[in-house]
Amino acid sequence: MFKEYNPINNKEFQILDHKGKVVAKEMMPPIKDDELLKAYKEMLFARTADLQIVSYQRQGRIYTYPPNYGQEAISGAVGALIKDSDWLVPAFREMGAMLAKGVTLKELFLYFMGYEDGSKFSKAKKTLPISVPIASQLLHAAGLGYAIKYNKEKDLVYAFVGDGGTSEGDFHEAVNFAGVWKVPVIFIIQNNQYGISTPTRMQTASDNLAVKAIAYGVKGIKVDGNDYFAMYKAIQESIKVCEAGEGPVLIEAVTYRKGAHTTSDDPTKYRTKEEEEQWDLKDPLKRLKSYLIAKKIWSDKEEEKVIEQYKVEVDRQFLEAENYGPYPKEDIFKYMYAEMPDDLKDQEREYERFMEWKAARAK
Amino acid sequence: MFKEYNPINNKEFQILDHKGKVVAKEMMPPIKDDELLKAYKEMLFARTADLQIVSYQRQGRIYTYPPNYGQEAISGAVGALIKDSDWLVPAFREMGAMLAKGVTLKELFLYFMGYEDGSKFSKAKKTLPISVPIASQLLHAAGLGYAIKYNKEKDLVYAFVGDGGTSEGDFHEAVNFAGVWKVPVIFIIQNNQYGISTPTRMQTASDNLAVKAIAYGVKGIKVDGNDYFAMYKAIQESIKVCEAGEGPVLIEAVTYRKGAHTTSDDPTKYRTKEEEEQWDLKDPLKRLKSYLIAKKIWSDKEEEKVIEQYKVEVDRQFLEAENYGPYPKEDIFKYMYAEMPDDLKDQEREYERFMEWKAARAK
Amino acid sequence: MVNAINDALDIKLKEDRNVVVYGEDVGVEGGVFRVTEGLQMIHGAERVFDSPLAESGIVGTAIGMAIAGMRPVVEMQFCGFIYPAFNQIISHASRMHNRSRGVHKTPMVIRMPYGGGINALEHHSESMEAIFGHIPGLKVIAPSTPHDAKGMLISAIESDDTILFMEPKRIYRAIKQEVAEGKYTIPLGKANVLSQGKDVTVVSFGAMIREVQKAIVMAKEAGISVELIDLRSIYPIDKETIAKSVKKTGRIITVTEGPKSFGLGAEISQIAIEEAFLHLEAPPARVSGYDVIVPLPKGEHHYMQDPLKIFYEIEKIVKY
Amino acid sequence: MVNAINDALDIKLKEDRNVVVYGEDVGVEGGVFRVTEGLQMIHGAERVFDSPLAESGIVGTAIGMAIAGMRPVVEMQFCGFIYPAFNQIISHASRMHNRSRGVHKTPMVIRMPYGGGINALEHHSESMEAIFGHIPGLKVIAPSTPHDAKGMLISAIESDDTILFMEPKRIYRAIKQEVAEGKYTIPLGKANVLSQGKDVTVVSFGAMIREVQKAIVMAKEAGISVELIDLRSIYPIDKETIAKSVKKTGRIITVTEGPKSFGLGAEISQIAIEEAFLHLEAPPARVSGYDVIVPLPKGEHHYMQDPLKIFYEIEKIVKY
């Protein structure tokens, strides 16, 4: 597959077309109906949550949030294939993949409400926190990959970055290190066409982003990131590459950020309605839904029903997060070091003295 | 040419083979005999100087020096084609190109003797100082290219980096920016097979280094860097690309560092005699000399004669540098800022007071 | 302040063709804080433009442009994202002039919103002026009012040195102030005595000035007279103004947002002891962040200096 | 000291399979200073190896390994080449523990030769400890003897925190000292009082210790008794030891190689005034580099602290 879709030819790998029709049957991964439905529902859950978060944000109940809307198939496919023992290295727009690893919505809410505790995943193992400095996390992925190889384990690393992120030096160094070391990392570029307001063509003059794999002597493939099956298949094949010790793989997942960059962003400043409408036709969930309905394993009615359930569940977890309570002062100190320096202890005591004075003064 | 030698096919562009035989006549650039001789002699001068510097260093008359030995054809070809109004952005192993721009040997000596004055080129215009932090200078080249384009000038930027340098994030960002901006920069990778002791295959898993051009959507070519004609022709073609506004070109010049990494390095630790001998057969000067002798425009006798002259000239400039005199204390302060802060003036006065005390104490 | 900065950029773009403005999303979008809004429309996409997402690339290319005679003004989107450019700043932007013995100048401005108090994600609230102040060859400045922002930025663009211009994002839109129209400059490196006092000198800059001013009101009620120095310039520091003040008051406190250790506070204290040791009636004090990461919004109040905390320290030093 | 460091690495490589050593040219070549010489031969190329030439890559991948439970010890070839890794250090290595509320640890050591006095090219002579000391979440240490180097490095490798280990390259081979065989550790964060004195306290670290010791001999001849504190740890600073000493001597000088402003000197002075203001008989002083780039070899003597200059300052503070 990597030969056929050598990114030098700028061919995009697709299985399910924009209308939900299978256009590359021979490539179709054998996914059981129940698994497929499960995956679809997970994406639907992610989307429901995502849309709801945006409305919480409008109500001022949560801080800045970067919507995943429109990009769900990528995280969905990763979520379906990632093992508990694999590492997930997110950027910040991979809710589905994080939920699949066991991160709870409540934790994500806590994070975006301004609690570091939201990154202390209670159930998700081998999942790094959201990484804000663009592309920097990819190097951690390469290092995790080294550890896996070093320990002769069979696990993988899934690492995410955006189209904008491919411009950073760390992107280059990460894929290059992984290439030299031949470590089992699947680098996934979510090419959602923009880095905030900057279109991909202003990030790079290369024909596509997958082609950058050539610079590192690793396999690369450009995939329709709104096509769940194509993403699934591409990842499956990448897993084989990694497991054969030929690792890493660079996947460009072509998608579209249907929402704003973050809740503080206004996309009308830099993109047109027409463009948004064009991409709406390629929506990953609509597409898969058509397929499922045609297969008669899903219906609008069922969808409505589960969405209602999801909304309740999202709200439940949101309220839990909202009632998380105050942020104890010691939390700003105690996690700074594995072994806390004395001086930091003194600083904490100094703060306590101030708080005592403040309390006394308030009386 | 860039199509035929698309680096994806890993073909190396060569005109003059290892034995001095022309193997691609149709590609031969039309260089007049006197120009060719001039270029050869310049390379010979550079080599003579280079070897002599190493011996000065052994005598403890100069600090650490990175020899150019074996890589002269690359700087030679650039030197023959670079205009006064073009920018030269060196790394630190481009003596020939620097001399061609008008940097004097004396200045280079001063630099390696430990005077910043050696970077205050008195005659060379548009030449940046040697850049020590690997690959960082390439971004300056992209910026210079932007200025040229912005000012609608017709000039070019020649920027150098080593094979090791291609691993740095700045390499990536520089070629990428230049590609997006389509600015007239010729990036030349001197692939001399090692970054200090690290062989190129441990820098990257890519098939060659020129192929990295694809990641940036720019033209790239792998050239026999020990073949003066091939380098000359590749640069000529790159100039055309730049002048047509099609922006940067990435040239991988395949060569070999015949000397040590620097005078403090011992290559026997990491490479074999056999390898060195293999590469010795491909020596750029020997090869061109065979060609010139066959063409009957050069002889061993002439060569001996000019080398003797060169040695005298090198020595003359070396002695001048050696007698440059003491380093005035104000020089450590006065160039720090275009407008010196008061506090720095105070620091200088403080130092003067100490020197007075010291002088008084010595009496 | 956003308008004042926009105005300064507009004036310099108009006046000097060598000035260009670029960075992530500064073009069409006008920057995430809308500081460069409208400038691309007026001056064209060749002069005001989006760069690829790469901070080292932004600063590194600006160095090249500056060497070629241009005057680039580049934006780092947030204080926490300047670090990928650190090597270009410390190894080149601040050194090219010295390295080339004055042959190559790097007249460029790196603009950067800094500081906390905006309920932001990690890396969006930092105040690391001390790190930049320690880099020889760099000048570091920060305005505290729209008026200063405009005049200082114009001076910075006209300076032949490399200047880090730190913008207190917390007060980007908080301070209403009439800003003089047209061009004016404010000399770099000079502090501004914002209020006269006799009991204690408070040194601060940027967004903290407003907090200190509120503390000064409390202090006044408590009968304490505070002299407030707005540093304006982090490097070089206006020693003279500090020395004069502390000789008068005998007490000095530095209020900053950054981590305590190796911070601006220690530097100001050192200056006070070097310049006015015999006048000191109490140990020069620093009110600063703790040596911790700026907490996420829910914990940020534990970290930031608020007027009460500043007043607490003022009272403490006066009672010393 | 080179041997002592090599020994420490060898011991930890033997003892703990999670320890790996990598960086530019550290494998076959054994590092440009031969610090890692022979280790690849003993422990194999999977555990001691050359990395691509990319500092951000080196530190960034080490973070990943550390999170996975390994204990990488990486080398920056020279102090001036750590800056491309600055973002990984300040944004991740020092923060992952806090960010993940302790779930992810980053037990890793970044080794780096630092400091001047070796007649080197630009970027090879810097001493920027103050910048790193200002980074919350990082620990910064520097030995001054082979004995300390070995024990401190072993402690650093065993620590669960991220540690910057600054090696005074100028005295890599200068100090002859018998180093105890086998494993021993030296607790991090504790300073070492190298000589007792009563007139003035000198605080220093790394390669400057030797220079101070020479100055102390001069001082002794001049009848001045100096107490010398080898800081060992730049962050955290051992306040207690400093406070105790300065309360006794009443005078304190910090001797460092880095630029003056925002340097270690100011921090130590601040600590002295916070802890012992009423004991001070003279303003705490700093002997440091100037706010300039370390000059190339021919000018370096104008910049560096030598015994005479240190003695000059000692005499000055005692006569204050």
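A, B, C and D label the chains in the order they appear, each numbered from 1.
Simple rule for what comes next: contacts are C-beta pairs under 8 Å (C-beta built on N, C-alpha and C of every residue); 3 or more make two chains touch, one makes a residue touch a chain.
Computed from a predicted model, the values in this text were never measured in an experiment.
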| item | value |
| --- | --- |
| Partner chains shared by chain B and chain C (touch criterion as defined above) | A, D |
| Taking each chain's C-alpha mean as its centre, the one farthest from chain D | A |
| Centre-of-Cα separation between chain D and chain C, whole angstrom | 30 |
| Distance from chain D to chain B - Cα centre to Cα centre, in angstrom | 35 |
| Chain A and chain D: spacing of chain centres that average the CA atoms, whole Å | 40 |
| Residues of chain A touching at least two other chains | 116, 133, 136, 167-170, 173, 176, 180, 202-204, 331, 336, 341, 343-344 |
| For chain C, residues contacting two or more additional chains | 52, 54, 56-57, 80, 83-84, 87, 91, 98-99, 122-123, 136-137, 235-237, 261, 290-293 |
| Chain-level touch network, classified as line, ring, star, complete or other | complete |
| Chain C residues within the chain D interface of the complex | 56, 80, 83-84, 86-87, 90-91, 95, 98-99, 122-123, 128, 130-131, 133-137, 235-237, 258-259, 261-267, 269-270, 273-274, 277, 282-286, 290-293 |
| Chain A - residues contacting chain C, complex | 63-64, 111, 113-116, 132-134, 136, 164-165, 167-170, 195-198, 202-204, 264-265, 269-270, 326-327, 329, 331-333, 336, 341, 343-344, 347-348, 351, 354, 357-358 |
| Of all residues in chain D, those that touch chain A in their complex | 20, 46, 51-52, 54, 56-57, 59-70, 72, 84, 87-88, 91-92, 96-105, 107, 136-137, 139, 159-161, 189, 235-237, 239-240 |
| In the complex with chain A, residue positions of chain C that touch it | 24-25, 27-30, 32, 50, 52-57, 80-81, 83-84, 119-124, 260-261, 290-293, 295-300, 302-303, 308-309, 312 |
| Contact set on chain A toward chain B in their complex | 8, 167-173, 176, 179-180, 182, 202-207, 211-212, 214-218 |
